[in-house]
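So that you can tell them apart, the chains are marked A, B, C, D, E and F in the order they are listed, and the count of residues begins at 1 in each.
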Amino acid sequence: MIARANNLDVLAIAAHRDDIEQTCGGTLLKMAQRGYCTGILDLTQGEMGTRGTADERAREAAEAAKILRVSWRQALDIPDGRVENTWENRLKIARVIRERRPRVVILPYWEGRHPDHYTTSKLGYEACFVAGLAKLDVEQALSNQHSAFSGERSAFSSQHSAFSQDKTVDVSATIGANVSTGASAAVSTGVDGTVEGHGFSRADRTPEVAALAAGGLPAHRPFKIIYATLYYDIRPTFVVDITDQFETRFQSLVAYKSQFSDQEAGKDLFPAQADIHARTEAMARFYGMMGGVTYAEPFLQKEVGLVEDLLQIPVKSI
Amino acid sequence: MIARANNLDVLAIAAHRDDIEQTCGGTLLKMAQRGYCTGILDLTQGEMGTRGTADERAREAAEAAKILRVSWRQALDIPDGRVENTWENRLKIARVIRERRPRVVILPYWEGRHPDHYTTSKLGYEACFVAGLAKLDVEQALSNQHSAFSGERSAFSSQHSAFSQDKTVDVSATIGANVSTGASAAVSTGVDGTVEGHGFSRADRTPEVAALAAGGLPAHRPFKIIYATLYYDIRPTFVVDITDQFETRFQSLVAYKSQFSDQEAGKDLFPAQADIHARTEAMARFYGMMGGVTYAEPFLQKEVGLVEDLLQIPVKSI
Amino acid sequence: MIARANNLDVLAIAAHRDDIEQTCGGTLLKMAQRGYCTGILDLTQGEMGTRGTADERAREAAEAAKILRVSWRQALDIPDGRVENTWENRLKIARVIRERRPRVVILPYWEGRHPDHYTTSKLGYEACFVAGLAKLDVEQALSNQHSAFSGERSAFSSQHSAFSQDKTVDVSATIGANVSTGASAAVSTGVDGTVEGHGFSRADRTPEVAALAAGGLPAHRPFKIIYATLYYDIRPTFVVDITDQFETRFQSLVAYKSQFSDQEAGKDLFPAQADIHARTEAMARFYGMMGGVTYAEPFLQKEVGLVEDLLQIPVKSI
Amino acid sequence: MIARANNLDVLAIAAHRDDIEQTCGGTLLKMAQRGYCTGILDLTQGEMGTRGTADERAREAAEAAKILRVSWRQALDIPDGRVENTWENRLKIARVIRERRPRVVILPYWEGRHPDHYTTSKLGYEACFVAGLAKLDVEQALSNQHSAFSGERSAFSSQHSAFSQDKTVDVSATIGANVSTGASAAVSTGVDGTVEGHGFSRADRTPEVAALAAGGLPAHRPFKIIYATLYYDIRPTFVVDITDQFETRFQSLVAYKSQFSDQEAGKDLFPAQADIHARTEAMARFYGMMGGVTYAEPFLQKEVGLVEDLLQIPVKSI
Amino acid sequence: MIARANNLDVLAIAAHRDDIEQTCGGTLLKMAQRGYCTGILDLTQGEMGTRGTADERAREAAEAAKILRVSWRQALDIPDGRVENTWENRLKIARVIRERRPRVVILPYWEGRHPDHYTTSKLGYEACFVAGLAKLDVEQALSNQHSAFSGERSAFSSQHSAFSQDKTVDVSATIGANVSTGASAAVSTGVDGTVEGHGFSRADRTPEVAALAAGGLPAHRPFKIIYATLYYDIRPTFVVDITDQFETRFQSLVAYKSQFSDQEAGKDLFPAQADIHARTEAMARFYGMMGGVTYAEPFLQKEVGLVEDLLQIPVKSI
Amino acid sequence: MIARANNLDVLAIAAHRDDIEQTCGGTLLKMAQRGYCTGILDLTQGEMGTRGTADERAREAAEAAKILRVSWRQALDIPDGRVENTWENRLKIARVIRERRPRVVILPYWEGRHPDHYTTSKLGYEACFVAGLAKLDVEQALSNQHSAFSGERSAFSSQHSAFSQDKTVDVSATIGANVSTGASAAVSTGVDGTVEGHGFSRADRTPEVAALAAGGLPAHRPFKIIYATLYYDIRPTFVVDITDQFETRFQSLVAYKSQFSDQEAGKDLFPAQADIHARTEAMARFYGMMGGVTYAEPFLQKEVGLVEDLLQIPVKSI
């Protein structure tokens, strides 16, 4: 049984280290400042990057996590540049979801330039689904995958041997008692009879009640899945005001010194730090203007909203 | 100067008496139950209706307003079946907006079967705009219109002579001290520097500060304009849970006895009351299922949302 | 009372003479060949055309009508190049709809290059609506308009004096006993309780039962309004196979000799007849390929379809 | 050679037992009542369901099939919760399509909440395509798959051993001589030269003529593929009136007693039967109102329609 | 006859002084720098603005025009806050188009917050159409309007008397010999047989050949109409690189000292100049990033593009 | 190191031999006539075709290549009817892209009737991405794939043994010195700091600088990826005028004698050559009319355009 103290309120999933910092780092920081436990799951370890090694990037990711006050961060061993929506990858992510039991999952948007990004969107969604299948023993299913595909994996791993194990960044010690507070406890994740889409008879409706007999992790499905859209030019459903978090978010980005410092090597290829700041600010301000604030990050949800009080709807119409 | 006590928190504008009852009556009632002052502006008086006279419909509208706990209701003299987006009609509505100073205006959606409905949407929006033009004296502009068009109006009014004056339904006595409470007072309508769309230099940005020199009503622009979409099959931006208001809303609809009672005359043409209840319920339940509640009414807003707390976003994703 | 013999089954409304010939002439001919009574209402008389006079065009339109076996054709006096969605224009069209009582009305699509085309779409739709208002006396309303606007009209008519009267083309004698047959009689236009959109309480629901007291034409609303989309690049809802009508339709087009014959004047400006044939054929074949036939004309309807038998749905899927 | 008596007119394919009952059961029953042979292919056997065993669900599915007068029903052995668009799964479905040779295939819509649903849509479409490849021996291709993947399958099957064989429900005896009648015989599935999309040179155009040399099943491609959209909020292309079938369809749903009866176990998790009826009715009525009937089921087709007679187009426009 | 020296290559039309400076001023300056003659037509004179008088704004507009190297600028007398798509307004703009004969017209996008903006879009488009009607004498038609509406205008003008005449800003002396050069002469505006949309028989196809008999201005229709979309959040068709023009464009904006200087009056209401620079830059950078440049302005065209050389298409795909 | 002489300016990728001839053959010919080096990569060898053998089709493809003046053509060994977006297939295509280093890649559109077509679109896009990963050794990765999947492949290849090797068509001798000229040399493929989408920190940004240590092909990513849309009814971004290439393109299509000649076998199934010509012409003319030319081929790009000179934008607006 996973102790409540390990649970996350918000889990952001992305393909590469530094994706979260670019698309929703301000929002994660804001949620941490409100007392929520936040986490980041990077699917790959960045071994395809031109600059820096995977080890360097791991250290930088830990540093960025501290800056964003993230409680938990892990990198899976999915190959960089080859994120695929396979059963095995779904199981790997589902295991994390069952361990961390987030109420909100942030995924990248499902269209974009980089295949790893848009594939992560669909892969992450289906992993959330799989994580909620009460009768599925994720550990055993993963174990079956490993034996079945040992032939392929041994061959492929000759290129990826350095990344054969998931890397978890322990940031809890560093950032102190940032465990989930009453703020999140007050928000029940109950699945009490709400209709899920229009279908109402699928047995997977009730994932959380059934603990597996054989000691596996109990099923869990996040209440809310939202999509960070900053990498893609689509109108968001909502934005989050990060005016107070903007500069700290930028610091989390430049914590990736191997990528963003004004170093000699490759200086013709990477934009200088000043330029990155200008671009980052332009994007944040653009979405801020949409919501009537200075800086914001954009998100999309598939569901309609539910409004209790017309007088409380923000953003001026006219 | 208009006393604050006359101000409305929410004003719903529609073409015909009984439109509000069908599309957003539950939401109006819910807002009244939260302590807000609500109002209804019907643009026409129903003189084209097959059943009932305009006088009968006026009485029924007053009864429906009481049922929905609406503080204020008025019918303009725009011809039924001929709602047009003219300068004069915009001025007539703008005068009401300046008198009642609502923070939220509800309009019909801008597509649909009935021209009066979709024209009301555009007309109402532009009236909200005109109401905020600080240098415009609405009274004088209306007066200019009347003299200029006296030729046309006298000709046209031969058919519409019965409707030459706006009809205001005084429901305030009936429903008691339902004046705007602290709930609404706590919500400032300030226009403090928010960007309005992308343009930021139009002087009409600051409508509320300037009282007109010559004693006219001060300019006012609602903070929020939302569109009731129930008449049209479009995916709403959000729904409002009216599970607790549904049956009362239905009573407000059948208060239009001239239209909905199971009378002899025209009984082959009008659906029986039981059938109306079934259809009304199906619609409310359909939109309720979208939002994870039993009954709901659908709305659309043009703006993006602004979310402060990811953990508080309602409606289950998966 | 209008005799049934004058009723039309299908009425196509367009801005200019020769619009119908280009967009849905094949379909009109096909319907005539099935035994239906068809008609054309041209809103303008073509006085802005570079080639030919309005009188020439009137003769050509009559010739084209004969070729398409159209029972009835009329041109209103709306100014060419200035079709506007005014109350007066709606009344003029509504009068025709009440006189001819078509079950199906064909309008142009509501977007396009030519303002007269897209305005006709909206104007025609609202005229269909107005025609069904049982309490509206169209004749008297038109009379009111004329006296009210006499100032404007007399001024404007100095330019349009040649077109002060509607021109009706009597083609009935020519094409013989092409009156509406049992084919159309079998199709009831009843409005028995069907829901109109989502609104169900508007009294205009029952236009056809109420004859006006004062001798006016009884209200009528067409059962079906469809949009001919050939002028605009939008995916149609359905196409009509005109393989057998294609060449005759082309003959109806070149009946406009003042426009399409290979004359000397303006020969650098007008495509030669061979070129017109090639273009016409390309369009017809393009839409034909969509529907699995050789030549077709495209249409759009706003409503969803209603299918009785899955085995009878045409057009191969894969 | 497959005897005609085994052929189906309509085959509905879905991921889970009871999906068809929820989305298009009324339409299947209606087609059976018109004399057509209908069938259901469930891709999975429901082993991930919280309530009930796969065996129970098999019995319930047979009972539901009888209620809907379905002639043939089968469940494949694709794992519940893991429907994937693989070559092997396409072959499995293609084999069924070649055996049953349906003219119409119903698939779920390609977006939705449940990955099994939307994956079934794409998988089913591509299976229809594969089934029409004349030179492909589906049996041999499946056999190749089995030997190639034996490693994986043996590993995976440790969890799915109970479902190693497809389960066919023999409902033909129960429902009597419900073989395909002249009604379907009258509808030719010919592929005589129709253009398939815009491409016209692919040799797979002519699937049905070539019987395989080596005794395999002859190629077959359904004429029509339509998508049941009830699980997803999208505007349908057409609806099917199921007013007369609605209550029987509901009975087919509650035939899944393990899922829908008001049992003690899990009673907090499953909506009571009365609630299910209310929701089912709301959906059916909502789509019914779209088509001007009481109850309907919604469908989408990718192709444009093809209309022969404008006077016969159903659904009132205005 | 209008001398060629007065012709414009590009004419930007907007509702208010300073709209052009915000949405497409950089592009206009860039075109002037390439040697083209550019012009601005402001439909209103800004009498509704909170700050500044119409006279002040006229001087500021002239100053801004100089900064942008615009050859010609004029303000019509359409009332601020009441731009309407009337025949008279179309004629007023059409007269300008015939006088200046631009090859390219820039209009605002047809959706937005401000009714004057989106109405200008439609009004401007239809004015371009009217300007090309060879048989229309715009002067006479305007004269007819004036006499017909004298009643209305005299009444309305009591409020607008200060603006009874169009204001033309003579900037030609200031900016020297910025007449149209060979650059524009090389671009023929010929209408040689191109198909206009799908319709090919309208006589208005050939506007430019026919000079009016009675000395009126010859018809003219711009070759290209594009829409400046910066006020609205829609994906543009293309952007124009204004990296080298950005700061000068900003200077043209702050030339409106009555609006944008950091004055005492209204300082709580107007964003400070530094803030305006930040917002302006964010927008320009956002659209610049879309096109792979630093700063850009966004535009939309309705037509498809026509590409001669695949190797010359700009903007990196991946 | 690959010599520049082998480089292609444009590479068109399609699933089947004769796809290119149908969708973009005229454009390829036009580019060759401008002096560019063009190439075709067919992913399959057509073994599923009803008519003709793969060897016949190979000869025909070479003949068609000559007619279109294509410098290079190759067919991969991906199974016909089973194009899948696998890592292995991406690697196979990426190898070609690294060898031929095209600036422009043409892919099919991502929706359509034939799964091979739409899958090729996504597969080709992701292959372009993979080809640009500097740290990826494509040869070694392919080698790993082959050993890992040898079990599957040996099983599957029993059916596909005839196609175990890629078939390259040497057309360079035939068409002479059609090597890339200065025209293409003038177009740099530099990736100098342009922003790629909104993300700006991915190390894969700089693919071209890093040559692999171990002698593999250096990374390459095309500058531009465009989609040929002729197989699908979607509005193109732009069209290419092929009026001068149309008839030659048709000759390249009928070079596939096994498919398109008027042979006895299958004559009821294949459209006669005259019919193919008519359909081909209708499509080309339809898209030609969109762009104001006689014949054209349609394309779509995901990026916005970048315009330097408003006066040079083609295609008349009105």
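As a convention for this text, contacts are C-beta pairs under 8 Å (C-beta built on N, C-alpha and C of every residue); 3 or more make two chains touch, one makes a residue touch a chain.
None of the values given here were measured: they were computed from a predicted structure.
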| item | value |
| --- | --- |
| Shortest chain-hopping distance from subunit D out to subunit E | 2 |
| Least step count from subunit B to subunit F, where 1 means the two chains touch | 2 |
| Common touching chains of subunit D and subunit A | B, F |
| Interface residue identity across copies subunit C, subunit F - same or different by half | same |
| Pair from C-E, C-F or B-D with over half of its contact pairs in common with A-D | C-E |
| Between subunit B and its twin subunit D, rotation from the CA superposition, multiple of 5 degrees | 180 |
| Where subunit D and subunit F are represented by their mean Cα positions, the distance between them in whole Å | 36 |
| For subunit A paired with subunit B, centre-to-centre distance based on mean C-alpha positions, whole Å | 42 |
| Sites on subunit F at which at least two other chains make contact | 113, 125, 129, 151, 195-196, 198, 233, 235, 279, 283, 289-290, 318 |
| Contacting chain pairs - touch in the sense defined above | A-B, A-D, A-E, A-F, B-C, B-D, B-E, C-D, C-E, C-F, D-F, E-F |
| In the complex, subunit B residues that touch subunit C | 16, 18-19, 22, 46-52, 81-82, 84, 112-115, 117, 151-152, 154-156, 158-159, 230-233, 253, 256, 259-260, 266, 268-271, 276, 279, 283 |
| Of subunit D, residues touching subunit B in the complex | 113, 233, 235, 278-279, 281-283, 285-286, 289-290, 318 |
| List of subunit F residues in touch with subunit A within their complex | 87, 125-126, 129-130, 133-137, 140-141, 144-145, 147-149, 151, 192-193, 195-206, 209-210 |
| Touching residues (chain side subunit D, partner subunit C) in the complex | 9-10, 27, 31, 34, 36, 103-104, 106, 125, 128-129, 132, 183-184, 187, 191, 194-196, 198, 221-226, 235-241, 289-293, 296, 298-299, 301-318 |
